[in-house]
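Multiple structures follow.
Consider the two complexes below, in which chain A is the common component and chain B and chain C are the respective partners.
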Partner chain A sequence: MIDDRIITRTTVTPAKAGVQGNRAPLSRLSRTDGIAAVGKGGTAPLFFLSLVVSLCALPAPAFAMHISEGILPISWAVLWYAVALPFVAWGLRDLRRRSEETPWFKPLVGLVGAAVFLISCMPIPVPSAGTCSHPSGTGIAAILIGPGLTAVVASIALTLQALFLAHGGITTLGANIVSMGVAGAWVGWGVFTAARRLGLPWFAAAFLAGILSDWATYATTSLELAAALHGDGSFTAMFSLILLAFVPTQLPLGILEGFLCAGVLKFIRSRRPELLRTVPTGGAA
Partner chain B sequence: MFELFSDIFTYRDNALTRIDPRVKLLVALAAIIAVVTAARPILPLGVFVLCLGTIAILRIPAKLVALRLAAPFSTVAILVVIQTFITGTTPLFTLTLGGWTLTAKAEGLRQGLLLGTRVLGAISIVLLLGIATPAHRIFQALRGFRISKDWVEIAILMYRYIFVLMDRAGDLAAAQRLRLGYTAPRRALASFTALAGATVVHSFEQAGRTHDAMRLRGYRGTMPFGPLPALGRRNRGLLVLLLTVIAAAYGFFEWGING
Partner chain C sequence: MKRWITILILAGILLSEPMSTSGRAASWSGVDETVIEKFAEKAGRPAREPFINTDQGDLLLFVFLLAGAVGGFAAGYWFRVLFPTKQRTKEKKEAHHGSTSSP
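For the complex of A and B:
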């Protein structure tokens, strides 16, 4: 049995001004599914039709970077689990190693994971769509705690979202971990580290990491969907169409995520710079 | 958001919440696999109706269910529309949209309905599981299935502190709005990054306090997970019964109808 007493008791009240259910411009998942289907016919009107239906029919927050339960055939779901598991296992090994060095590292990862989860639920305005979407948060997580642990945190966040928000799913968990916790995290961390080594200022490095981690997440999601849904049609054509479908919101959202990533680091560096020096992060920050 | 995300309804006492979470997880997984592999929409649709009916019997607020189902419903709408217009050869009707002519096809409609009902069926199972099982009991069951102790420990910490941070971020966001922090796009972006940054800083500080408090309660680097009790006779019987029902329903709807 889990001993709950060991965790600090804190009174929790409902968020008074938390995230509201914003009218999303277009569910990214829905749009993806639509375009995945369009790929078979390759027709522009259907893309337009899917946009219209999405804009009219979606009252929910767009957490839809996750592939929904029931979309992937079982064989693909198993394959993506197999791809994701080594990364999560590597992250857990990293967690054990760093916890031995720093006793409060596990609470830190849990808390930073909770913060990033919350940030990923915050609405962010997308000017091109005229409404709000949500950042993925993997770029900032990878900079703060490293890419290995971001895979662990992403796997937990995705499980919680699948179980308690009906976003993503259990069978699609592996695919969603690969796109968010592996591709997004490694690209974000890699870009930030490389940019810093090349002498770029930290703000520019964080900005680039935020943008590219977001785009990498969506590119991987597109790949996963195209691979599973192209049927008898061309994989390349399907992949291109899905990528194209992401452009209207993901291009500006990626840039906004870049600003978010850089802004968060700027805030921490200006208010509590000692945190980045003393906290055993992934080393990138 | 709190009501939408939290597991507050799982603490009610009813027949579903009394079932061992390991049984619920196994049955949910079997049902999802049955739904995802279904070749006809009848089984996924039946599962969807059954799950929604159970949720209604449990008196879960309809608004909460609607909010959680909004995204899956939109997914289904897109799937059905797109598949209808791109797949198949037998024309159903023609639609003119912005100068383009689209022809709906019967085979596409069937394919779209199948995919759509699969999504709804699978999502409703997860929804019912999340409504009938508290988060800590799910983590406990996962530990019972030998999921990594460290993963479960981080999951417990994350789940608990999401609400603490949500409360604090909510206060900060309200203060920002009162100070007109979201009146213009550029200002909104600055406010948003400050809010996100403050949330991360608070999480760092809270981590130290949490660790101190945990140590005072006996934490020495690993959360104590005692052994789970063996499944009782009633739960074992229920597991066998439910898995049999799922297998029988799958066999009947997939192979029984029309040969």
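For the complex of A and C:
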């Protein structure tokens, strides 16, 4: 059955859907204290690069980090759901509070949610490994909207992928939320905050956050798999083996995610710096 | 200029490598197959079919295209709300100014 599934897996397009349904508060937006002036034509290279990355992803056969349906025993599946739920609940509370304080916060969450969905199922070929994998996008999401809300947008994205895109699974949803939406988000946010407090420039801090959030996501996936599947063998040995197996693909991809994270932050700083007021150790400039 | 050179080098690496190795069989599978499912099968927990299995023929291609269209629209919509063009910003400011200055 598995082999059939693998064989029938064909080319997929890199574009996916992320839906974060909030009405556009255009009228409310106009009440904000001014839209930043358009940047100095800095968007063309970014657009070009994103186009190239999309083109590269087009012929890739399939997916990446999400743990597929049925791999985790039910006890472990339940445990990871239990771990994920408080983070998602906290994120939802955070959304209500912060959108009352900041008029443009809901559109930002909508944009970040769509982006996380698109990024997290875009297979990128890694030439050094001959395999495909995807960035998670939760590092930049956590910087922009906070780790709590990143768990929320990641859980929405992962649910849609599990239900309709044969990507991940319903029984493994809790584990996938924990690795991508909790571990990836908190590490990204933590690294960015710490790096800024240590005096690192924005670009470097975002770059580090992107890399480490990606690697943390895959390290957590390794931990989840090793914990559930090591059986009578050594947990540490299995964890190390799985982690090592991820390395050829995720090492370069993490670096790509670092650039993505830093590039997005640079773009926002040049186009609309007031969006970064809620960023840790941020400010508008 | 310097930035464009970097971008072009990066783009070249990204494009040329997959193209040059596209003839290889069994390449470019996702790490879910090469790592996760491999270890799971060894441990006796193979993945099973999703509850809603869209991974049949071109159906998966269709749902990905649909999802891409919806996701792209959502992202573009919020992007335009958050990053309006200079023209739109100017129009809004003028409209706001007109409404406040009228008696």
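Just so we're on the same page, the second predicted complex is superposed on the first by the 195 of 285 C-alpha atoms of A that agree within 3 Å, B and C clash if a C-alpha of one lies under 4 Å from a C-alpha of the other, contacts with A are read in each partner's own complex, and residues count from 1 in each chain.
Please note the rule applied: a contact is a pair of C-beta atoms (placed from the backbone, for glycine too) under 8 Å apart; a residue touches a chain by one contact, two chains touch by 3 or more.
Since this is a predicted model, take the numbers as computed values, not measurements.
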Q.
Taking the superposition on A as described, I'd like to know which of chain B and chain C A:111 touches: first, second, both or neither.
A. both
Q.
For A:266 in the superposed arrangement: first (chain B), second (chain C), both or neither?
A. first
Q: Between chain B and chain C, pick out the one touching the greater number of residues of chain A.
A: B
Q. So, A:242: does it touch chain B (first), chain C (second), both, or neither?
A. second
Q: Considering only the touch criterion stated at the top, classify A:225 as touching first (chain B), second (chain C), both, or neither.
A: second
(Q) Just to be sure I read the superposition right, which of the two partners does A:96 touch: chain B = first, chain C = second, or both, or neither? (A) first
Q. Taking the contacts chain A makes with chain B in one complex and with chain C in the other, which residues are shared?
A. 1-2, 5-6, 8, 10, 12-20, 29-30, 35, 37-38, 45, 48-49, 52-53, 59-64, 68-73, 104, 107-108, 110-111, 113-115, 117-118, 125, 127, 160, 162-166, 169-170, 271-272, 275
**Q.** Touch list for chain B against partner chain A, complex
**A.** 1-7, 28-29, 32-33, 35-37, 44, 67-75, 77-79, 81-83, 85-87, 97-98, 100-102, 112, 115, 118-123, 126-127, 129-130, 135-136, 138-140, 143, 148, 150-167, 169-171, 173-174, 177, 185, 188-190, 192-204, 206-211, 213-214, 217-219, 221, 223-226, 228
Q.
Can you tell me which positions in chain A touch chain C when the two form their complex?
A. 1-2, 5-6, 8-20, 24-26, 29-30, 35, 37-38, 45, 48-49, 52-53, 55-56, 59-73, 104, 107-108, 110-111, 113-115, 117-118, 123, 125, 127, 130-133, 160, 162-166, 169-170, 221, 225, 228-231, 238, 241-242, 245-246, 249-250, 271-272, 275
Q | Footprint of chain A on chain C - complex, ascending | A | 3-4, 7, 10-11, 13-15, 17-18, 21-22, 24, 27-41, 43, 45-58, 60-61, 63-72, 74-75, 77-79, 81-86, 89, 92, 96
Q.
Please output the residues of chain A touching chain B within their complex, sorted ascending.
A. 1-8, 10, 12-21, 27, 29-31, 33-35, 37-38, 40-41, 43-46, 48-50, 52-54, 57-64, 68-74, 77, 88, 92, 95-96, 99-100, 103-104, 106-119, 121-122, 124-125, 127, 140, 144, 152-153, 155-157, 159-160, 162-167, 169-171, 256, 259-260, 262-268, 271-272, 275, 279
